[in-house]
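Letters are used for the chains, namely A, B, C, D and E, taken in the order the chains are written, and counting of residues starts over at 1 for each.
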Amino acid sequence: MLQIQNLSFARGKNVLFENLNFSMTEGDAMRVTGSNGSGKTTLLRIVSGLCRPDNGAVVWHGAVAQKNESEFVRSVNFLGHDDGLKKQLTATENLKLMLPLLGASPTDIEISAALDAAGLEAVKHKPVMNMSAGQKRRVALTRLDFMRHRVLWVLDEPFTSLDVSAISALVVKLRAHIESGGVLIFTTHQDFDVVPEASSLSLD
Amino acid sequence: MLQIQNLSFARGKNVLFENLNFSMTEGDAMRVTGSNGSGKTTLLRIVSGLCRPDNGAVVWHGAVAQKNESEFVRSVNFLGHDDGLKKQLTATENLKLMLPLLGASPTDIEISAALDAAGLEAVKHKPVMNMSAGQKRRVALTRLDFMRHRVLWVLDEPFTSLDVSAISALVVKLRAHIESGGVLIFTTHQDFDVVPEASSLSLD
Amino acid sequence: MYKAFISVLRKELLLALRQKTDVVTVLFFFLIVSSLFPFAVGPELNTLKIIGPGVIWVGALLCSLLALHRVFETDFNDGSLEHLVLSGEPLTVLVIAKISAHWLITGLPVVIVAPFIGLQFGLSAASLSLLLGTLLLGTPVLSLVGSIGAALTLGVRGGTALTSILILPFYVPVLIFGAGAVVADLQGLSIDGHLSILTAMLCLSVALAPLAIASAIKIALE
Amino acid sequence: MYKAFISVLRKELLLALRQKTDVVTVLFFFLIVSSLFPFAVGPELNTLKIIGPGVIWVGALLCSLLALHRVFETDFNDGSLEHLVLSGEPLTVLVIAKISAHWLITGLPVVIVAPFIGLQFGLSAASLSLLLGTLLLGTPVLSLVGSIGAALTLGVRGGTALTSILILPFYVPVLIFGAGAVVADLQGLSIDGHLSILTAMLCLSVALAPLAIASAIKIALE
Amino acid sequence: MATFFFLVAAILTVWGLYIGFFVAPTDFQQGESYRIIFIHVPAAWMSMLIYLVMSFWAAIGLIMNTRLSSMMAHALAPTGALMTFVALWTGAFWGRPTWGAWWVWDARLTSELILLFLYIGYMALRASIEDPRRGDRASAILALVGVVNVPIIYFSVQWWNTLHQGASVSLTKSPTMATSMLTGMLVMALAFWMYSIAVSLMRVRRIIRDREGNATWLSESSGVQ
């Protein structure tokens, strides 16, 4: 389903990876590991089509992703180090305005329910800038509930700032996605086996 | 040395903590735990004098901290969720311009050596905005090397974004600070006993 | 596609409403300055008539310029630009939505306010309608061309300064032909040249800007 | 204390150099517009002389206003404002360093450029030196008062718009008395009133602004 | 209580206007237009006085961290803004026949205009900070900064020679105007006082209800009612 072929990328003289090859199919999960600055974020951005590799290709369903980009991109759900939230808007407004763009059209009630489930009931009508770090990350992750139609989830350190209960809730979501035939690539520095069935790729 | 007396704080109608009491002396470490939004960050900001409590006092060496604020503040070293770095400046420039303000006047060679020791040799002359998340956090933490003269370290999630080796390097620094008679208050959601001798305070 | 366009546009307008940003500042400032000018220059109507169009056009230009860095920069910094690119909708369409929002926030208010300020400068009804015409032709060019500059300088050290150096050479001719048309008309000269140049600029920038911006954004995210 | 002052000032100036921000934009823009003005108005020297001081003062005001949000906002967003407060140095001194940087970046360039622009408007040597005098008295007031507004609106939704609502009332009189002095002098009227009002504003703002700003910053960080 | 002040205000207004329009003589220089004075001067006085009181309460709130005083300051602002607006408007209206211009940029007029913007800025800042206590403190600072403007308004006519008239009512010197004019002005001033007290009391009650709900300390200080 997803094939990475001979991928190479260098920042200036700093070669991050060279001739990287791997492939994943439905229900696969992979954890990318490596020290700070080893190129995990860069790899994830290349895989999701945000960034062009120096060499090699990302092949999706047999076709090179760059060739029919807008097709490919519709299967990707990317979450980076930054939350992608507008700090002046409330959690509800953020989701309501962002999700239609990503191909989901939840009703207000659905959004509200998802935020409640994420433990944000008390703060969902506050501007994001007045939330705690973990609350912000929770808002960003609530998006995942509406992204089931996108098969390839690429998550860069999704567990940052989350407390124990939020981490286990996220693990449940990730598991459910894989079990329903999704593909998951993620990174985390946290030292526990979040998704034990995940294979591992080290960039060091 | 540090005494927290009857501290209370509420955000609007949300009471974060009430009548909190604890005290710490030389060589003590404390880990503040609690779920997202429980008030850890707020407590740390109050303890370091950034924020006024609704009630109660922070007592330092027998004197109420708010009374002789500029004295007290000179004993505090605070690191928040945000790195406090200027993204247009390089790591070296950031440290060189910030440290004199905080009462340290390291030479260029010392700064350079500290950055090398933090594994930033290759990137220390890059603008911070072109660094990876972990590299940024490492720059912010390099400050600690020059803050030994400030006794009370208040660190809000210092381990975020760090890889395993950076975490153990930080743990070494924290231990050394406590052993030399410092006081440490920190939070982390990461599920491991970083500083086993630390006592624990839960805000839930 | 249509839905995506609308949702980007709504988001931008809501944000502007919440954040108000420099736009309100500039508009407010524009109002004050242009109402002060008649005081400063004195009540001599002929002078006022001649500087009026210039003052109004300078205001339009400022409003446009100073809100430019909001078009893509905040999205770039907080990670939402990536979501736009990965939405799978044609990026050019989303870009057009963002530019439309920029125009609605900076161009439209100026167009609406201009007649009132024009009156203070003693412009006749004919001059006023000509001024409105040139503003309607010209301000979208400012938004389009400006956005190219904003996109090209994303993530570059000293981005804002660079933006203005890149785009002012395009902004100034718009100003000159826009304000010039009204003055030429006052002096009884033909204005066909002015108007056709403005129209040509508009057509060209509508055709080229969205493509250029979409590629610039992709490059910035690499 | 002195060391802290210098290190804040150096940091601000280095940042401005790296980042350039809107200041360069506005300065650049100011130059272009003020050189275009004489073309627009025509070569009639008497008119030019009267609008000249106003145009230059408007430029000074703009430069100051548009760089205001950089004084504390970026520090507030990236967490370095906290380090300033916790440095243990008197916050008022650090605040003065920041304001000085703002003036060096926005006020000084205008003062330097003003004589050249003044020449284009046909101002005499006497008028020019008077203009420089009012600029030197007035632009620090802009930086001081503006910073109060910037500090009060930290972390507030719609901060920038609010800032301008708070401070424009103070900016406009500075502009009026600054430009008015030159015009009054041209017309042979006494300018003592203008100058003493400007001086009073300067003294008051030097005395009050740093204190007000220091408290406002502490409140914003709560 | 508020109703009582309203009543007194209404009675005094009627009385003051009666003196102003029927008893006081026509001015030999300005003719009838001078009668604006009966509104202009009291409003101008109140605009400054309310500002001082407002900043006083704001300062108390800032220093002692007492909520009620901040709320008092909050409640006074709209009335102060109204008075300032009335003073400006009547002044401009009066300036037209006497000076031949609606507006001139002199020190008193400019500083009074700044006073209006200070009130507006105070209210805008207060309204845009969500956390009420932070809002109280931030706006208190703005109010205190603005206090310097009040003496400027008052003394500007002495410090700078301007078109505007100097003080003619003073505690130390005997008045320079007809007694009936003076009585009229004083009665009107008293009426404005009563009105301001009435409105602010009503407003502060509403603010307390909005912000504190049924907080316990409210019953202790129910003297406000």
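Following the convention adopted for this analysis, a residue touches a chain if its C-beta (ideal position, glycine included) is under 8 Å from a C-beta of that chain, and two chains touch if they have at least 3 such contacts.
These numbers were taken from a predicted model, which means no experiment stands behind them.
If each chain is reduced to the average of its C-alpha atoms, the one that sits nearest the average of all protein C-alpha atoms is D.
Ranked by the number of C-beta pairs in contact, the top chain pair here is C-D. Of all chains, the one whose CA centroid is most distant from that of chain E is A. Using the average of C-alpha coordinates as each chain's centre, B ends up farthest from chain C.
Averaged C-alpha coordinates put the centre of chain A at 30 Å from the centre of chain B. For the pair chain C and chain E, the distance between mean C-alpha positions equals 42 Å. Once the centre of each chain is set as its mean CA position, chain A and chain E turn out to be 59 Å apart. The distance from the centre of chain C to the centre of chain D, each centre being the mean of the chain's C-alpha atoms, comes to 25 Å.
Among all residues of chain E, those that touch two or more other chains are 130. Residue numbers of chain A whose C-beta contacts span two or more other chains: 81, 88, 127.
In chain D, the residues that reach two or more other chains under the touch definition are 18-19, 157-158, 162, 165, 168, 176, 222.
Those residues of chain C whose C-beta lies close enough to touch chain D in the complex are 18-25, 28-29, 32-33, 36-37, 40-42, 44, 47, 50-51, 54, 58, 62, 65-66, 69, 157-158, 160-165, 168, 172, 175-176, 179, 183.
Interface of chain D with chain A (complex): residues 155, 157-158.
If you check the complex, the residues on chain B that touch chain A are 14, 34-37, 41, 81, 119, 122-123, 131-135, 137-138, 157, 160-167, 189-192. Chain contact summary for the complex, chain A toward chain C: residues 45, 48-52, 70-71, 73-74, 76-78, 80-89, 93, 97-98, 100-103, 105, 127. Note for the complex: chain D touches chain E at residues 148, 152-153, 156-158, 162, 165-166, 168-170, 173, 176-177, 180, 193, 196-197, 200, 204, 208-209, 212, 215-216, 219-220, 222.
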